[in-house]
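Two complexes follow with subunit A in common, the first pairing it with subunit B and the second with subunit C.
Coming up: the complex of A and B.
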C-alpha cells in the first residue's frame, strides 16, 4: 500500500503545481510529475497486489512503457506549442494569455 | 494473435484512412499540396464507404480480441471518415493554399483513423492511446492558424488536456493494478463484478472526468469555445465532430457494456450531474454569444449534455444506439455548420467571425444558406432531420424511466432544445432577414490598426488562403444532404433500421 501513497502524493504535488504555477514551463513540468505519479501507481500496484490470476510475464512492463512513451509524446507536442506562444507573444506567463475569452 | 483472411476487410477501413495519411505526407514532400490533399480525401472517402458497407453487411464480431467490427462500431467508424473526407474537401482552398495545409489535412486523416479505432476498441490501453493521439492531433490542428490567438487557445487546450490525461492514466493504473493486470475491457468488467467495488468506483470517477474533458462537458469544457473560435473553420469542424463521436462511442462501450456490471448506481448519478450541468451551462452561455464559432462551441457543450443523459439511463441496446445516432447527427451538423463558415469566410474575406457578419448570406448564396439552415435545424432537433431521431431515443429512454431525477432531466433536455432555437435561430435570422453587414461588423483595414490588434482579429487567418468558396459550399451541401437523408430514412424504413445500423456490440 505504501507505493500507492507515494504515487498519490506525487500526483497531488503535480496537480497542485499545475493549478498554482504561473509559468507555462513550470506548469508542463508539474504535468510530468502527475504522469510520473500515475506510472508509479500503475507499476507499483500491479507488482505488489496479489491477485488470483497472475499476469502474463512482461505485461506490466509493457504497459508501463506505453505510459512513459505517452507522457514523452505529450511533452514533445506541448513544448512545441509553448515555443510557438513564446515566439508570438513574447511571454510564457499564464496570466498574460487572456486574449481569447468570452 | 493472427487475423483470419475474411476478417481483414473489417479493419481495412482504418487501414485505408491511415494509408491516405502516409501517402499524403509523402506526396506533400515530393509533389505538392494539391496531390497530397487529394490523396487524403480519397483515402478517407474509400475508408468511410467501406466502413458503412461493413456495418451493413458483416455480423458484429471482434478482430483479434482487441477491435470490435461490424454493426455500430463500423458505422461510427465509417461516419467519422466520411465526415473527415467532407471536411477536408470543404477546406480545399485553405488546405491547398496555407503553407501547413497538407500537414493539417494529414492530421485530420489521422484523427479519423484514430477515432474509428477508438470507437471499435475493446482494450482499455488502446482506448487511452487513441484518446491521447486524438488530443495531440487536436493541439496541433488548433495551433495551425499560426497567429497569437490560436497559439493561446492551443496552449490552454494542452494544459487542460494534460491534466485530463493524468486523471485517465491514474484511473487506468488503479484498474490495472487492483484487478489482476488486465487491459481487456470485458475482462476488467468481470473482475470488477467479482472483486472489491470501491477502487473501481474511484478509478471510474477519474476516467469519467477524463472522458468529460475530451467530450467538452461542463465543468471540463473551457477549452472548447476557444478552440472552435480560433482554429481555421475546416479544422474546427473536424475537431468539433470527429473526436466527440469517437469518445461517445468509446464511453458507451466502456461504461455501458464493459463496466455496466456490479453496483455502478453512483456512476449514473455522476453522469446525471454532468449532463444537467452541461445542458444548463451550455445553453445559457450560448445564448449571449456574438461569435459564430464560440456559439457553436458553447452549444456543443449543451449537445454533449443531451448525449450524457443517455449514459445516465439504463443501458438498453436501444438507448446505446440512440446515443450513437445523436452524436453522429451532431457531428454531421456541426461539421456542416463550420464548413458553411469556411464558405462565408471565402465569400466575405473581411468577415470578423460574428453571427451578425453573416447577414444576407442566405439571400445572396441560396445553396450555402439552405445548407447552414439545415445544420441549425438538425442541431435544434427539428423533426425530419438527423438530430431529431437521436434526441427522440435518448430523451424517450429518460422519460419512461422510474428514476424521477432522470425523468426530470429528460424534460430539462426537451425544454433546453426549445431554448436552443434562440441562438440557432439567430443564425437563420442573420442569414435571411438581416440587412447586409454594416461597418461595425467589418474588420478595420490593416494599417489603420496596430499589428497586434490586426492579429487579434479572428478572421485574419492567412490572407494567402482566400480564394474560391466553391469547395466549401459544395461540402456544406453534401453534409446538409446527408443530414436530411439520415433524417428522412426512418420515415421510409422505420426507426429500427436506423438504430440497427448503430447497433452496439456487446
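Coming up: the complex of A and C.
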C-alpha cells in the first residue's frame, strides 16, 4: 500500500509540475517524474498484490526496464525538439508558444 | 411454337432492350431506327399468336426482392386471356410503328419517339403477362410514364407539355386507388399473385372484398378515362396521332378493362362493386357519346368516342359479362386504331384537325376513305362489321340485367352512329374546303390502314373463338337485341348523313338550330372548368401556401437556422483551443479525474 501512495505522490507532483512550470525543460522533467510514478506503481503493485492472474516472476520487472529505456529515448527526442524550438524562437517559455490555436 | 410461349419473358425483355438500343444508339443510325423498333411489337405479336394457336399455357418466375424469409418473385404467365391481349397489343403496335415511319417523317427526335414506343410496347406486355398484381402495377405505371413521354413528344408546344402533365396527374389519382387496393389486399391476405388472391378472396369478409374491388376499379377508371377521371384523354390528343391510336385508343386505356377482367373472381365476390362499375360505365358511355357529337376536331371526336366505348366495356363488366367486355375490347382496338390512323392520314395530308376545313377527301385519298368507312361502320355497329357483334353482346348482357343502363347504351349507340357519320361526311364527302393538296401518304401509311381494316371488318366472327380462349362459351347472337341495336345504329347514320349534307354550313346550321346545347356539348359540359375551379385551383392555392409559408418560412428557417448556428457555436468553442499546451494537459487531467470519479460512482451504485 505504501508503494501505491509513493507512486501516486510522484505522479501528482509530476502533474503539478507539467501544469505549472513555464519552462519547457522543467515541463519535460516533470513528465519524467510522472512516468516514474507510473512505473513505480506497476512494479510495486505487481510484487505486493497476490492474485491468481499474477504474471510470472520477472515479466513485470522486464516491462519496468522497458519503460525506463523508452523514457530515455523519449527524453532524447523531446530535448531535440526543445533545442530546435529554442534555436528558432530564442525562447523555451511555454507561454510564448501558443500559435496553434482556434 | 410453344417455345415462344415458354419463353414469354421475351415480350418484356426484347422491347426494353430495343428501347435502350434505339434511345442510346439511335442517333448514330437514324434510318435504321424505325425498322429496329419494329422488332419489339413483332416479338409481342409472335408470342401472342403462338399462344392462341397452340393454346399452350405457361408460367415462370424469377426471384426479385427478398429479405429474411420473405421473397417477392417476379413472374409471368401466359393463358388464353394473356394471349388475346398480347396479340391485340402486338398487332396494333406493329401497325402503329409502321404508320409512324410515314407520319413522323422529317420530325426531329425520332430515336426518342421510337424508343418510347418500344418501351411502351414492353411495358404493356409486362402489364399483360405479369402473374400477379405487383408485376401488373409495375407495367401499369410504366405505360403511364410512356404515355406522358409520348403525349409530350412535341414538348416545345406549351399545350402538349400541359396535356402530358394533366394526363399523368389525372391517372395518378386513379393509381392511388389502385395502390391502396393492393395494400389492403396485401394486409388482408398476404398475397398479390393472381392464384393466391383468388383463393384468399373466398375467405375474406364481403366488406373487405368490396373495398378492394372498388379501390382497384378507381385505378381502372383513371387509366381507362371513365367519368370523372376522363378529362385527360381528350387533351392527350396533343400527342402524335399514331400514339393516340396505340396508347389512347387500343391498348393502354383498355388496361382498366383488362384489370377488371383479369381479377374477375374478386369482382364476382363483390356485387356492389359491380353496380358501381355498371353505373360509371353506362353513364360515361352515354355522356361521352353526346359530347363527341359536337366536336370539331377530328381527333377529339375519336377521343370522346373512345371514352364512350370504354364505358360500354365497363358496363358489360358491371353486369358480369367480362367475356363480352373483352370481346368488345378486341374489336374496339382494331377499329378505333384504324380510325385514329385514318385521322392521322387525313391530318398528314391536310395539315389540319378541324373537320370544317376538310371535305371531299374520298377522291384524293381513296384508301384512307374506304378503310375509314369500314372503321366507322364497325364503330357504329352495322352488321356484319366487328363492332356489331361485340356491341350486341355487351348490350344484350346489360339490358337483361338493368333496363335503365341498357337504354343508356342504346341511346349511346345511336349517338355513336350519328357522330361518326357526321365526321365521315364532313371529312370525306362534299367539296374540299381547305387550301392544301391532299394525297395518300405512301405504302407505310396505307398498309397499316388496310391491315387494320381486315379485323375491323371481320373480327366479329371470331367472338366464339375469343370466348373459348378465355375459357367461356360464346354467346349466340341475340336477334331482338341485335335488330334493335342495328336499327338505332341505322337511325343514327341516316340522321347524321342527312343533316350534314352541306359540310361546314351544316355544322353552322346545326349550331344555330341547337343553340346553347351545341356549345355546351362542344365544351364537354364545362366539366374541365368545373374540375379546374373545384379541385385544381384549391390544390394550387394550397401548394402556393405550402411553398410560400410552410416551406419558405418554417422549413427553410429551421434548416438555414441550423446551418447558421453552427459557426456561432464553433466560434464559442474555439476559445477553448487557445494554443497553450498546459491548458490542454489540465483539461485532460480534469477529464481523467471525472472519468475515474464517474466509474467509482457507477460501480458503487
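Assume the second predicted complex is superposed on the first by the 100 of 102 C-alpha atoms of A that agree within 3 Å, B and C clash if a C-alpha of one lies under 4 Å from a C-alpha of the other, contacts with A are read in each partner's own complex, and residues count from 1 in each chain.
Everything below uses one rule, namely that a residue touches a chain if its C-beta (ideal position, glycine included) is under 8 Å from a C-beta of that chain, and two chains touch if they have at least 3 such contacts.
Values in this document were obtained by computation on a predicted structure and should not be read as measured data.
Engineer: Identify the partner contact of A:6: answer first if only subunit B is touched, second if only subunit C is, both if each is, neither if none is.
Structural biologist: A:6 contacts neither subunit B nor subunit C.
Engineer: I want to verify the contact counts: of subunit B and subunit C, which reaches more residues of subunit A?
Structural biologist: B
Engineer: Touching A:81 in the superposition: subunit B (first), subunit C (second), both, neither?
Structural biologist: first
Engineer: Can A:15 be said to touch subunit B (first), subunit C (second), both, or neither?
Structural biologist: In the superposition, A:15 touches subunit B and subunit C alike.
Engineer: Regarding the shared-chain residue A:95, is it in contact with subunit B (first), subunit C (second), both, or neither?
Structural biologist: So A:95 only meets subunit C here.
Engineer: Of the two partner chains, subunit B (first) and subunit C (second), which one does A:29 touch, if any: first, second, both, or neither?
Structural biologist: Neither subunit B nor subunit C is touched by A:29.
Engineer: Looking at the overlay, does A:66 come into contact with subunit B only (first), subunit C only (second), both, or neither?
Structural biologist: first
Engineer: Let me check the overlay on chain A: which residues of subunit A are in contact with subunit B and also with subunit C?
Structural biologist: On subunit A, the residues that contact subunit B in one structure and subunit C in the other are 15, 18, 27, 97, 99-102.
Engineer: Can you tell me which positions in subunit A touch subunit B when the two form their complex?
Structural biologist: Interface residues on the subunit A side: 7, 11, 14-15, 18, 24, 27-28, 31, 34-35, 37-39, 41-42, 44-46, 49, 51-53, 55, 59-60, 63, 66-67, 70, 73-74, 77-78, 81-82, 84-85, 88-89, 97, 99-102.
Engineer: Under the touch definition given earlier, write down the residues of subunit C that touch subunit A in their complex.
Structural biologist: 573-582, 585-586, 589
Engineer: Could you list, by residue number, the parts of subunit B that touch subunit A in their complex?
Structural biologist: 125, 128-129, 132, 135-136, 139-140, 143, 146-149, 151-156, 158-159, 162-163, 165-166, 169-170, 172-174, 176-183, 225-226, 229-230, 289, 291, 294, 456
Engineer: For subunit A, which residues are in contact with subunit C within the complex?
Structural biologist: Against subunit C, the touching part of subunit A is residues 15, 18-20, 27, 94-95, 97-102.
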